[in-house]
Amino acid sequence: MAKRRKYLLKRPKATKTLNQVPGTMTYVGNKVSTETKLDVIDYNETNYERFSSTTPEDAFKFVDEDRITWFNIDGLNNVEEIEKLGDYYELHPLVMEDIVNTGQRPKIEKYEDYLFIVAQMLYYKNGDLENEHISMVVGKNYLLTFQESNGDVFDAVRERIEFSRGRIRGRSADYLMFALLDAIIDNYFLVIDDVSDRIDALEDSLFTSEPSDHITYDIQELKRNILRIRRAVFPLREVIGRLERMETILIEERTTNYIRDLHDHIVQISENIDIYREMIWGLMDMYISTINNKMNEVMKVLTIMASIFIPLTFIAGIYGMNFEYMPELEWKYSYFVLLGIMFIIFMAMLYYFKRKKWL
Amino acid sequence: MAKRRKYLLKRPKATKTLNQVPGTMTYVGNKVSTETKLDVIDYNETNYERFSSTTPEDAFKFVDEDRITWFNIDGLNNVEEIEKLGDYYELHPLVMEDIVNTGQRPKIEKYEDYLFIVAQMLYYKNGDLENEHISMVVGKNYLLTFQESNGDVFDAVRERIEFSRGRIRGRSADYLMFALLDAIIDNYFLVIDDVSDRIDALEDSLFTSEPSDHITYDIQELKRNILRIRRAVFPLREVIGRLERMETILIEERTTNYIRDLHDHIVQISENIDIYREMIWGLMDMYISTINNKMNEVMKVLTIMASIFIPLTFIAGIYGMNFEYMPELEWKYSYFVLLGIMFIIFMAMLYYFKRKKWL
Amino acid sequence: MAKRRKYLLKRPKATKTLNQVPGTMTYVGNKVSTETKLDVIDYNETNYERFSSTTPEDAFKFVDEDRITWFNIDGLNNVEEIEKLGDYYELHPLVMEDIVNTGQRPKIEKYEDYLFIVAQMLYYKNGDLENEHISMVVGKNYLLTFQESNGDVFDAVRERIEFSRGRIRGRSADYLMFALLDAIIDNYFLVIDDVSDRIDALEDSLFTSEPSDHITYDIQELKRNILRIRRAVFPLREVIGRLERMETILIEERTTNYIRDLHDHIVQISENIDIYREMIWGLMDMYISTINNKMNEVMKVLTIMASIFIPLTFIAGIYGMNFEYMPELEWKYSYFVLLGIMFIIFMAMLYYFKRKKWL
Amino acid sequence: MAKRRKYLLKRPKATKTLNQVPGTMTYVGNKVSTETKLDVIDYNETNYERFSSTTPEDAFKFVDEDRITWFNIDGLNNVEEIEKLGDYYELHPLVMEDIVNTGQRPKIEKYEDYLFIVAQMLYYKNGDLENEHISMVVGKNYLLTFQESNGDVFDAVRERIEFSRGRIRGRSADYLMFALLDAIIDNYFLVIDDVSDRIDALEDSLFTSEPSDHITYDIQELKRNILRIRRAVFPLREVIGRLERMETILIEERTTNYIRDLHDHIVQISENIDIYREMIWGLMDMYISTINNKMNEVMKVLTIMASIFIPLTFIAGIYGMNFEYMPELEWKYSYFVLLGIMFIIFMAMLYYFKRKKWL
Amino acid sequence: MAKRRKYLLKRPKATKTLNQVPGTMTYVGNKVSTETKLDVIDYNETNYERFSSTTPEDAFKFVDEDRITWFNIDGLNNVEEIEKLGDYYELHPLVMEDIVNTGQRPKIEKYEDYLFIVAQMLYYKNGDLENEHISMVVGKNYLLTFQESNGDVFDAVRERIEFSRGRIRGRSADYLMFALLDAIIDNYFLVIDDVSDRIDALEDSLFTSEPSDHITYDIQELKRNILRIRRAVFPLREVIGRLERMETILIEERTTNYIRDLHDHIVQISENIDIYREMIWGLMDMYISTINNKMNEVMKVLTIMASIFIPLTFIAGIYGMNFEYMPELEWKYSYFVLLGIMFIIFMAMLYYFKRKKWL
């Protein structure tokens, strides 16, 4: 169980960076890739080029004022390559540190020539919720993205660039930034849809299956997940809000409407999260009430059985006594009369419990 | 049970619009009508005309500066007709997208020539709470409304226009907007009256019927409903608040008082919602306490029966033993004396439980 | 039970006013008086006159710039008389509507020549909490009050005017307004004193009487009441706060201190309400814990009785078996030895339960 | 139990002042002293005089511009003496009313020539939490304090004045005010220390003693106390906060640092109160969980005893039947074999419960 | 148990400082060292000197404008040495008082020539959470730290100074202050990692071990700890926030970025604390649900055993009666038939409970 918790904290165990000189770049995540992969997409309205698995040095040759260049790095433990990029675009040392420090919460920082944005991608992998640190640097005609591992939610954006769908090829780097944030946020919808499904499934199993600690555990797991999702989404909402109001030449007037749209989306997600949170917190009460219900059922069965047969056994016990002088014993019909009386008691008890609605 | 959840999220399953180019119009709701119906009402103080089931092209011929024209579209999956209207009144592409994207939360956006308002209609259909996305565009002398399906809460407004009741025929499009919002909000009162009745019914059944998982389920259902209603009402309250303070030539001075009134109403509804919410959350506790009460009853019956008859059975058991030398067995009155003793024990137990108030 | 709920909503069932033209005067409360009673008190420092059960026309003759005139109307279903008053003092149509619309929450509205205040009177009637809508119009030298039914909390104010006690006869209409609001708020103290007594009584009964659904029901009833009181008081606190800060020639400088005092009082009431609310919410937990305690008691009695006598019965059962060869049966002292052993087991069990503190 | 509640409301039963003319001085507390005691301390850096149990007239003779005069009145039901003081220093009638109206919540009011401060002293008396209304008027070179009864927390301050300890003799009336508030607030620490001890004791008794309604009652009592303390402390925090920011010639520059210190203290107390509140609220849950635990224990004992001996009794019952043809009865070793079988069943059951960890 | 509480209050029992003249220095903590140890580190970019266990007089000789001097004092009960330092740097008397008053909550105060910062170090010692009061005075070229006892979290900073790692030797006292705060905050990560581990362990033990009061106790202990951590962290967050926005020549422009980083960290910690708090509060509910589950299990075993064997015993009891005329007794196969019937009843009951899923 200890395994899951590390994602909650997000900042990996403090011991790794404790007492480290501030501004030092050390990757602290637990998604160690064997290699750091650099992927470059270079485009404008008319041109499009893509270089997969290239080196920074090769890539810099193609950087051109007239074109947007998108550098994407997968894998953060190869600090050198990231430093080359950082040096080329003159990033602040603390930005460099934050890029590899996957413990950061979503934030936006405005520097003179660029914006620095940190966000969290969320996805389910083998049924477990995973979150991945992603940081973005947006400059005048370039955009850098840094991810912890291979695979992301940006393939649709790449296709829109390649096949020139929508407005993306005609806009600047800020629109690309919007498109990527949009992809991240759209993906949150998938994640909370999944949470919603799990709540449904859990509710169903509350009513259909026997109570078991497994359900308690699943509810706690859901709580943990919704809290983690909340931690990724709520600070990002602030980020988008600040982005909307930010005055900078890096963001064009016409992009602002799109960012407002983004803000609408993330507010909507936040509201859903809070609703699901209340639903999940209610699940435990529901569960306790169903256990109590079931216990009540069990008690009724016991009480009915015991209340009917214990008195009858007592009566039988009386006539099992060995006293020498018990007049009833000798009478010929005693036995049958007694069986009759027992039957009447039996029926009376049944009627009593029926009227109490226990049967 | 999974069916109900989709309304909660309101934004339909993300997969439909995921990775879609922003600004694309795709209807994402689940109320697919076979046809999109356009209904046009054109009026001023002296004239009144209505065209049901017409086409945009036909309708535009009658548009006139001196008259208010209200276009109402039922059914959002015929995107073309909506586009014609949008083009005619030069709506922004993102507005067009929001009109058909039923996942929007209530909001207001101010554009140069028009206001764009999104709201949610709520109603009960076959005992289930349904919500329907409605969007409104208010211009100088026109008003567009877009609804997901046939049937709405506006018939009273239509009559007031047709039969020239109240002030509506003498006012401009902003007053019509007010009248429609008023109709939507008035309808919320019906919905929360219904919630109130359901709380009453549930409380009654807590006390009168046996505990069952069905009650737990109903409480959870009520929670879900009140949360959904809250999601529709609270953002709309903000919308009305902004409308009240908004400075625009589209809203006349004399309409402001009416909007303030609207604001009073929606604040009142919000307060009721929060009260009902607390009541509903309290229901689960009430329910658990009634179950516990009932279990206590059951336990008492069991304890009384067992405490009385188990010791008596033991006594009978003693004289059922087969020892050769048991002096009591031979005495003539043993049996009757023992019966007497048993009766005394029985009465003593009854008295004990009576004094404990268990009987 | 459905009866009580209508007060909670305060705005009566929406169906009555649904689809009504805004600005229409329709009384929507459920306190229909057969007649509307107008009572006029006219005074200044030297003069005092009172006309009970008069007509508006008669009353207007006595209106005089030098005197304060207080019109009080009991009963809101006679809309005509109210309209006459409204026309005479040129009230806005929406004010007129709000006077008879008893669903309004407490509010204050500033018009050019007068202030319009809505409040709720609270009182216990036959053990049930009732609230009554009261609205007030304060002008330069007149004050109008509109109440739903006969009987109010203003008799002390009337006496102070009649017998010229305190400062009231030397002040203007704003001081009269203060005096009336003071009477309403003072009355809230009585109501929450009552709530406090009910909490006490309920707590006592938790400990002294057997658990029963009646207690659950009473707790829920108290919750409902405190929520209703809260709904009346909290918006009024805002009203008084705004009154304190309001800049208008209608309120004299020297009255402001008194309004500040009023504000202190209502803040105090609000705090008490929140404390009582927490206490009431705690009651359900207390109740569940006392039920559990009692169930624990019941279980202990059962367990002690069963644990002592079931093993003894088993032993007796052994010697009740009919095997032909059971050596103990023939020994002369077997029976007495066995009785002794049973007694020892009995005492050992008692000692065991004593040590476990179950006895 | 009704007795304790009056302190919670603090404002005594409303009936006493209901319908009273505003500005009337009536003592409404329940600490009626037979006499009102006036104590005057008059000092400056070089002089010190004290007059105990004097009259206002005598005291006024010694009032001197060069000296600080501190009037302290114990007992508020002798309204005349208080009025003399009030008239001498020209206090506002509403201030006079608030001095004797012990229902006031802590507040500060700034008048032209003086500050008026209301606070609550808290102390434990015979194990019950008591609160006492104290009001203070701070002028240029005088300070008035009004208390409900004899005995206060100011003796240390009196000694510091008398024996000229610390800075107090060299400072003006504002420093004396600070010293008195400091004494009141320091005393709160004692009160919450006591609450902390009670929480400890209650927690201990949860684990060590048998569940009983007495614990439920104590928890509820603690809740009530912490809420009452909160009511005294939180408004005073605001008062101190306003005092810190207040611009008045009555408070010297150099005293501000001390008031800031006071603010730190009261913020600290507030935080502790909120923490204790959470702890106390958690106690009820703890209690319910310990009851449930104990009930579980009881159930286990019952289940083990019943599960072992009921089947064994059944077996014995079989061989107690009187059928003429039961082959086992005649075999010589039947009895011993059966005893052996019974012993094996007994051990098997024990092992089963052992493995289930119920033993 | 009373022992732990003193840390919660943090301000030691009020009796120690009650009625003390404000501005008096008295150490009130409970970590009385036998001696106060002064340690001085004096450095600039080129020089480094360290004097352990020196006296203030010796240390002042080395103070030099060109160098940063860091005085660290361990042990606060030797007030004299602290006074010498305070006099040398002309600290305000209230600052002096706060240095030794370990009850202070984290705060920052700006004086003309220096900043005064109070914080709390947190660490686990013998499994118990300890907090230690630390205060800091930051001047132009000096920094004073005052700790309650030996041992701190600053050794890594000392090494960075000694071996000239990172930027620290080239910066002024404000950067040293940042480095120390960074060390304190980094250490919080360790503490909350520990809390996270404890939550994990407790959750595991909920499912694996039998319910016991020990778990209730541990949950309460965790609650207490998280509240104490919260009390140390939340005010410090405010402190760092104010430090970030503070305009003073004592903090260089280039240090601001580092403080912003610090702020990010402490916000992150605060969020984790709130999440852990929710998790811990949820633990009690989980625990109650697992107890209820276990009780349900116990009840089922009892009910099954009793429901099967009580009726069977009754049947055996019937044929143990001694009536002279019971026809079945004489039939040769009665016994075997009855055994058969009993077996069928037994199997039927088993099947019944199986279908109810109790087995």
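Going in written order, the chains are labelled A, B, C, D and E, and every chain counts its residues from 1.
Methods note: a contact is a pair of C-beta atoms (placed from the backbone, for glycine too) under 8 Å apart; a residue touches a chain by one contact, two chains touch by 3 or more.
This one's a predicted model, so the numbers in the text were calculated from it and none came from an experiment.
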- Task: On C-alpha atoms only, rotate subunit C onto subunit E and read off the angle in steps of 5 degrees.
- Result: 145
- Rounded Å distance, subunit A centre to subunit B centre (Cα mean): 27
- Message: Centroid from C-alpha atoms only, then distance subunit B to subunit E, rounded to Å. What do you get?
- Response: 43
- If you look at subunit B, which of its residues touch at least two other chains? 285, 288, 292, 295, 299, 302, 306, 310, 313, 317, 320-322, 326
- Message: So with touch defined the way it is at the top, what topology do the chains form here? Options are line, ring, star, complete, other.
- Response: ring
- What residues on subunit C touch subunit D, complex-wise? 155-156, 160, 165-168, 178-179, 182-183, 186-187, 189-190, 192-193, 196-197, 199-200, 203-204, 206-207, 257-258, 261, 264, 267-268, 271-272, 275, 278-279, 282, 285-286, 288-290, 292-293, 295-296, 299-300, 302-303, 306-307, 310-311, 313-314, 317-318, 320-326, 357-358
- Note on the structure: Counting only contacts in the complex, subunit E reaches subunit D at residues 1-2, 5, 8-11, 13-15, 17-19, 21-24, 92, 94, 103-105, 107, 210-213, 216-217, 219-220, 223-224, 227, 231, 284-285, 287-288, 291-292, 294-295, 298-299, 301-302, 305-306, 309-310, 312-313, 316-317, 319-322, 326, 328-330, 332-335, 338-339
